[in-house]
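Naming follows writing order (A, B, C, D, E and F), and every chain is counted from residue 1.
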Amino acid sequence: MIKKIEAIVRPEKLHAVKKALSDIGIVGLTVMDVVGRGRGSGVQMQWRTGVYVVDLLPRKLISIILSEENVNATVEAIKKAAYTGEKGDGVIFVYPVENVIRISTNEQGKNAIMYQGDIDERKKR
Amino acid sequence: MQTHKRGFTVLVLFILSYFVAAFVLNGAFSVVAQEATPETTAEAAAEDAAPAEEAAPEEAAPAEEAEPEPTIADLIAMIDTVWVLVAAFLVFFMQTGFALVEAGFVRAKMVVNILMKNFFDLSVGAIAYWAVGFGLMFGAGNAFFGTEWFFLSGIPEIYPGLTIPTFAFFFFQFAFAATAATIASGVMAGRTEFKGYLLYSLVVTALIYPIVGHWIWGGGWLAELGFSDFAGSTVVHSTGAWIGLIGAMILGPRPNRFGPDAVPMPGHSMTLATMGTFILWLGWFGFNPGSQVAATPGPIALITVNTNIAAAAGAISAMLLGWLLIGKPQLPWALNGALAGLVAITAPCNDVTPFESIIIGALGGIVMYFGVNLLEKRQIDDVVGAVSVHGFAGVWGTLAVGIFGASGGLVHTGSFEQLGVQTIGIFAVCGFALVTAFVMFSAINAVGWLRASKSAMNVGLDVYEHGMVAYPEFTTSPSEPVPFS
Amino acid sequence: MQTHKRGFTVLVLFILSYFVAAFVLNGAFSVVAQEATPETTAEAAAEDAAPAEEAAPEEAAPAEEAEPEPTIADLIAMIDTVWVLVAAFLVFFMQTGFALVEAGFVRAKMVVNILMKNFFDLSVGAIAYWAVGFGLMFGAGNAFFGTEWFFLSGIPEIYPGLTIPTFAFFFFQFAFAATAATIASGVMAGRTEFKGYLLYSLVVTALIYPIVGHWIWGGGWLAELGFSDFAGSTVVHSTGAWIGLIGAMILGPRPNRFGPDAVPMPGHSMTLATMGTFILWLGWFGFNPGSQVAATPGPIALITVNTNIAAAAGAISAMLLGWLLIGKPQLPWALNGALAGLVAITAPCNDVTPFESIIIGALGGIVMYFGVNLLEKRQIDDVVGAVSVHGFAGVWGTLAVGIFGASGGLVHTGSFEQLGVQTIGIFAVCGFALVTAFVMFSAINAVGWLRASKSAMNVGLDVYEHGMVAYPEFTTSPSEPVPFS
Amino acid sequence: MQTHKRGFTVLVLFILSYFVAAFVLNGAFSVVAQEATPETTAEAAAEDAAPAEEAAPEEAAPAEEAEPEPTIADLIAMIDTVWVLVAAFLVFFMQTGFALVEAGFVRAKMVVNILMKNFFDLSVGAIAYWAVGFGLMFGAGNAFFGTEWFFLSGIPEIYPGLTIPTFAFFFFQFAFAATAATIASGVMAGRTEFKGYLLYSLVVTALIYPIVGHWIWGGGWLAELGFSDFAGSTVVHSTGAWIGLIGAMILGPRPNRFGPDAVPMPGHSMTLATMGTFILWLGWFGFNPGSQVAATPGPIALITVNTNIAAAAGAISAMLLGWLLIGKPQLPWALNGALAGLVAITAPCNDVTPFESIIIGALGGIVMYFGVNLLEKRQIDDVVGAVSVHGFAGVWGTLAVGIFGASGGLVHTGSFEQLGVQTIGIFAVCGFALVTAFVMFSAINAVGWLRASKSAMNVGLDVYEHGMVAYPEFTTSPSEPVPFS
Amino acid sequence: MIKKIEAIVRPEKLHAVKKALSDIGIVGLTVMDVVGRGRGSGVQMQWRTGVYVVDLLPRKLISIILSEENVNATVEAIKKAAYTGEKGDGVIFVYPVENVIRISTNEQGKNAIMYQGDIDERKKR
Amino acid sequence: MIKKIEAIVRPEKLHAVKKALSDIGIVGLTVMDVVGRGRGSGVQMQWRTGVYVVDLLPRKLISIILSEENVNATVEAIKKAAYTGEKGDGVIFVYPVENVIRISTNEQGKNAIMYQGDIDERKKR
């Protein structure tokens, strides 16, 4: 079964998370800029006469499509790399995926998300 | 689309009729052709110290021979002309400064529109001030307006009482007129239609500003009274600001600017705003020292020093005040503070010491600060703070002549006379500007060309009025100011 | 990488050999060292009115004593030099304007590349025009090019026929040469390799532009014929534009620019483009009035007024035309219109009235408008519209001398003579520029240094050629122009 | 918040006490009021060629009558004043250039902060240099600092040994002081608190820079020794750079700048950086030719040419070197190279040939290149490369006087004497700057106002210190440089 | 069961939607900038000689992870706040979610998406 | 049943994909800017003294909500339009969707994702 992990982390942690994922052999990933709100509070800003609160703060959303058996290891790796212990560290969501098709090779399903030297290859060794 | 086409046609017809009427009334063409022909000018110039008309050596040599030896007066004319032209170039550059400050202080979806307005202030102003404005302002006439020199016809070669060609004086003054016009664009940003703005720009540079100018600089009734405004705190800055104020009041605020659903509308680029302020500060070295209209070393050096130090004092005072009252040192306050200091020193710059300039500039910043807060409370939406910067600080600067001025100021002479005259002038100009601007904007409003439609403001004036956006490749989030963290 | 290294080595060798060859041919070093040593210059300067060499009071005092009283002529030299240098600084500043306009009109992924090209136009031009260009252009020689003054060796202290030092004249002219070179960079933006562009820049500032310049301003055959181009509508602007035109034709358009899969490629920043246009307009006050090469009050004041009002007229006419034909008042048309007005008034600026300048400027804007549409139809990809702005409007301006010129124009003299001469000059310069540029670009193309590879254009020249992007932190969507709403 | 309020109060008290102390010590107010009153100045000016005080013709006419005929000396004063003021305006404009270069080279979350710092360099410097700096630098005193002219009190009308008003000379020198102060802001960008920076700025423009200036330009001990630094390679540029160097060392690098977790921190806008460099290049035409402090045609023309060609050579050499060693022609190297060439030519610009200027500029670019790499290796975080541009290239330029200088240089005179003196000066200034800056920054550090907190740097100084962001509407990805493809 | 709501709305409605969600007690959310096409038509733009249509218009995508029982109330709140009745008002999508992990606290599942004073706490009162 | 297709493609292929989708009658879609990593390698960049690799390259993420029966045709269309055969062509993911609500009309489910002249209408003809 194929799953999707979406991790929403602090922008300055992106490098660390990326490195942690590389270390365990997660290669394919997609990142986007989002702003969000969770348990933390906003930031106070000023513009001329007024003070206002920006309650949506910038985060990085990292999304990874992977086999079910790799979900746990990946979640652990992200948790460790993104952790500071303060509010605002972010959340990880797991979703079901029904199919994957790689455009350049026309591979489908699990084959489509295999990469050279990735977590699955490493496990075999 | 249909209505757009019609609006456009009306505008073109209006502009054309403006020219035609003017030509007929003045028999302008022929006169212009006669008077301002370069033959005359070129001959006159030859009497100056002109060495060569063309860069090519061959042609230049023969031309030099039979000329009379240039006199000291010819040389002074040369120096003064160079000085005034350079100063005029600096004032001209202030248009760029205004455009950048205003662009930086509006949201990204309004940038093209505000740039267009600044660009056409200059362009429309160049034609209008040439055709009508300069004559109204400096031509001989009555105490209220001039009645000659339209289309620069009949102008004397050398401007009376000065050493420089009238053309040079005209260009210097044109740059001032464009400045006056451009002030209101910032006040009324983000909700004014482009068509209506073009009309506004035409009327201000052709009529309103020149008439005020005539009163004070053109030998009109305020000049007779002894009103003193060396470089234009009132003539240029306050006039522009009061017009903008009325405009903002007739227009009303941008949607969601005030009230319970108000959203913050921070300017889209602090680099543009800062760059613009730097350029304005630079341009003021043409504005103030250039207003000497002669390269007299002592005054122009003193004015330069005063101008600079007042700007610095204004920046510091406004920034510190904001820090104290809001808790953080804010860039917009600093920028507006420097500008307020500059506006304040504009009237008294030739008649005070550097130390007094610091006081004047610093108070300018403070006046501006409270002015912005006042308008905010009154829910008048002045997008860039120009009413406070140019209007309130301009009033303060004009009063400062009566307080600190070496020749008639309260602290030096103990007399309230000058201060009284200054007050009269301030009220007269303010009243005139408010009334004429009210008439003008009401008229524009009546034909429906003033306030952009609500959907235009949501989508952005850029898309709606100009069919484009300023930064097509950048993802922008118009309603959500995004900090880092 | 490997090929890159080789290309680089070839380029360095080329540049080195250029210098070595030049030195050997001219015995340059020794002559330069002798002639241009500041001792000589400094002595000569002392004969002027120089008060002090250093700011420190102690050192200055003794130096002053035995100097002869300065004469009126010395003073004129001082004034003229100040004027010409200030004008040259303004023209120099136009490089910034060009860089910003071009950067604003290209997509974000090409910005670093176009900035590099503008920056090196200036840098390469400074060396090339010093080494070769100035001599070719102004040195004595034959009707087609000069043959002395390479590396500024043997130049006279004061430029013949003028009052200013040759160094000042040289610097003013250098700024013009850099302008000519920079025009084509905008035409050919977004697809030209940087290596090839460096060569282009070298050849234009060292050879093509100076030869044209010699014909018209250096006493060459067109000057003999009576061809009149006061500040360079043809010499500078058209020359640059024709070279760019050939470049664009040899290069071909950017991928997906024309045809069924065409995508719109709006410029990435309207603020940059507008700021650049403001700066160019300002710089033109050095370009045109400075071309008087002397601070003669009448002419420089008239030229300033004409220059300004023509720009305004061009902006208005092009904007209104676009509004009428497309339905919206567009900023790019306004900007290009002002520039076209400026280019058009460049040749006749000293010989027409302000009213005629309005006509010339307004028609400049219209010529430009149709020019852009013409090239579009011919599928010639001129990224910033420079061929129309500088080429077509330049032709119109050059013709305008023959039509409105007070000294020889059709409407004033009734004679077609001047118009005829102007036409000859236009064709001659156009032909020469097209042919030499064709040879040059074909040669660069032959070694494969002209058109960037398709993948480089997809990825962006910035990443591919310079290993960087202009705005690394901003999310950009290169292929999808995004409006609000 | 609480601590912020306290810090703010301390700062305000500090600034106030600074003024109070100064006033008491100098009995400043009364003296200023007496000496610098415009009455005096205006009278003196009237003895010049002043035609009219006001633009209004009526008022101007009578004033002219009884004046004595202006002399040749009066005219020279006029010309020189115009020249020096224009040059000062150009130097003033360099502040804009610095602000843009530095803003372009930092990340988007630090932009407001760096703009504030540049803006207040100017503002604080204007007050501090007027109050204390100018007196320390140019007032009579001992070999190490001046002891008069504080608050410009007691200054002579005309600056001794020159023709221009002291006010004009003061303004020119103020612009230099602001430049010196602004250099360090770039070195220390992205991690310095704003409060601490204000103090730094005050101390540098009031004390450190003026004392160095006194040694060399104010008739101090290095001037006596024969140390030659025409326009300030050492006085202005190196001084600023050494102060910045110590600052960077005490501050330490930005987080994640070096070490195994280092992330690249490319500047956020190459257009801003390029625009800034163009403006600096332009401003240098005020910096160097203006330092003649008189409009002597020969020297100012030569200096202009030398300045320009050295910048070009620096840009080319640094760009080619980067191309050779890294594989791509890089814009930041080109920009810094031009600046290094300009810094290098600053000291010798009046005493070398254009050809020598090319060599000096080109080597300046190379020195800068290796300097940047050296600091990188030593893990000193110089954000914009200013230590190399202004410090190392400044040293090279100062030495170049001793090598190429026509009056005392090794290659022309064969004597090592000048070179020796230059070396002494370089070490003396470097030593003094390092020691005083060390004391200053250590003190600021001790009160905890120097290095921003880690979270402030993560969030961005803009949000943390100023409660705002530079581009609120643009989505930015601060940690991930994004190329196209 | 945990669900994900994705609402695509007009940019100028973001503030209103955010407020409506706060009002009913929805705290955690993530917003991103998207461009999209639905039943509406594009906007006509011009660049120099040419007129072109931009058919992808900017929208805000708001994504909310929440318990199944809160989906209806949330959808209603969004619908009301984002409604103008004209084409282009946007759409709301509902997806299944398999797991949620909060990084700072290591909570899992429903616990991970509970906030102080949120919709669930309010219901209890 | 309703599905969601997410296609991650080269930015310069966005126009082609959009056209291909129009051609087969896919109207509604949402696009966002992402950066990602898959089988390809990064791009080498320089800043002053240092060379570094940017391993997350810009891509366009196109997301389409559609009926299950149209998934295959749509995937084929995307594959064809986005294909170059080189690494970096991108991937297509398919997810389950539970519900769709259109704000302006309050339609639900399949009705909510019907457009004038879309793939379903065409099929009927």
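One rule holds for everything that comes next: a contact is a pair of C-beta atoms (placed from the backbone, for glycine too) under 8 Å apart; a residue touches a chain by one contact, two chains touch by 3 or more.
Please read these numbers as outputs of a predicted model, since none were measured by experiment.
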Strictly by the touch rule at the top, which chains does chain A share as contacts with chain D?
B, F
Distance from the CA centroid of chain B to that of chain F, rounded to the nearest Å?
52
Determine the centre-to-centre distance between chain C and chain D, using the mean Cα coordinates as centres, and give it in whole Å.
31
Approximately how many whole Å separate the CA-defined centres of chain A and chain F?
20
Junction residues of chain B, two or more chains touched
72, 75, 79-80, 82, 86, 266-267, 269, 326-328, 330, 332, 458-459, 463, 467-469, 471, 474-478, 480-485
Enumerate the residues of chain A that touch no fewer than two other chains.
11, 31-33, 35, 43, 45-47, 51, 56, 58, 88, 95-96
Identify every two-chain combination in which the chains touch.
A-B, A-D, A-E, A-F, B-C, B-D, B-E, C-D, C-E, C-F, D-F, E-F
Note which residues of chain C are touching chain E in the complex, please.
264-267, 326, 328, 330, 332-333, 372-373, 376, 385, 477, 480-485
Could you list, by residue number, the parts of chain E that touch chain A in their complex?
4, 18, 27-33, 65, 95-104, 106, 112-113, 115-116
Chain E partner, complex, touching residues on chain B are 261, 263, 458-459, 463, 467-469, 475-480
Interfacial residue positions of chain E with respect to chain F in the complex:
3, 7-9, 32-39, 55-56, 59, 61, 75, 78-79, 82-96
Using the touch definition from the top, list the residues of chain D that touch chain B in their complex.
1, 4-5, 8, 12, 29, 32-33, 36-39, 41-42, 44-46, 48-61, 64, 69-70, 72, 75, 77-82, 85-86, 88-89, 92-93, 95-96, 99-100, 103, 108-109, 111-112, 115-116, 119-120, 122-127, 130, 151-152, 157, 164-168, 170-171, 174, 194, 269, 272, 458-460, 462-463, 465-476, 478
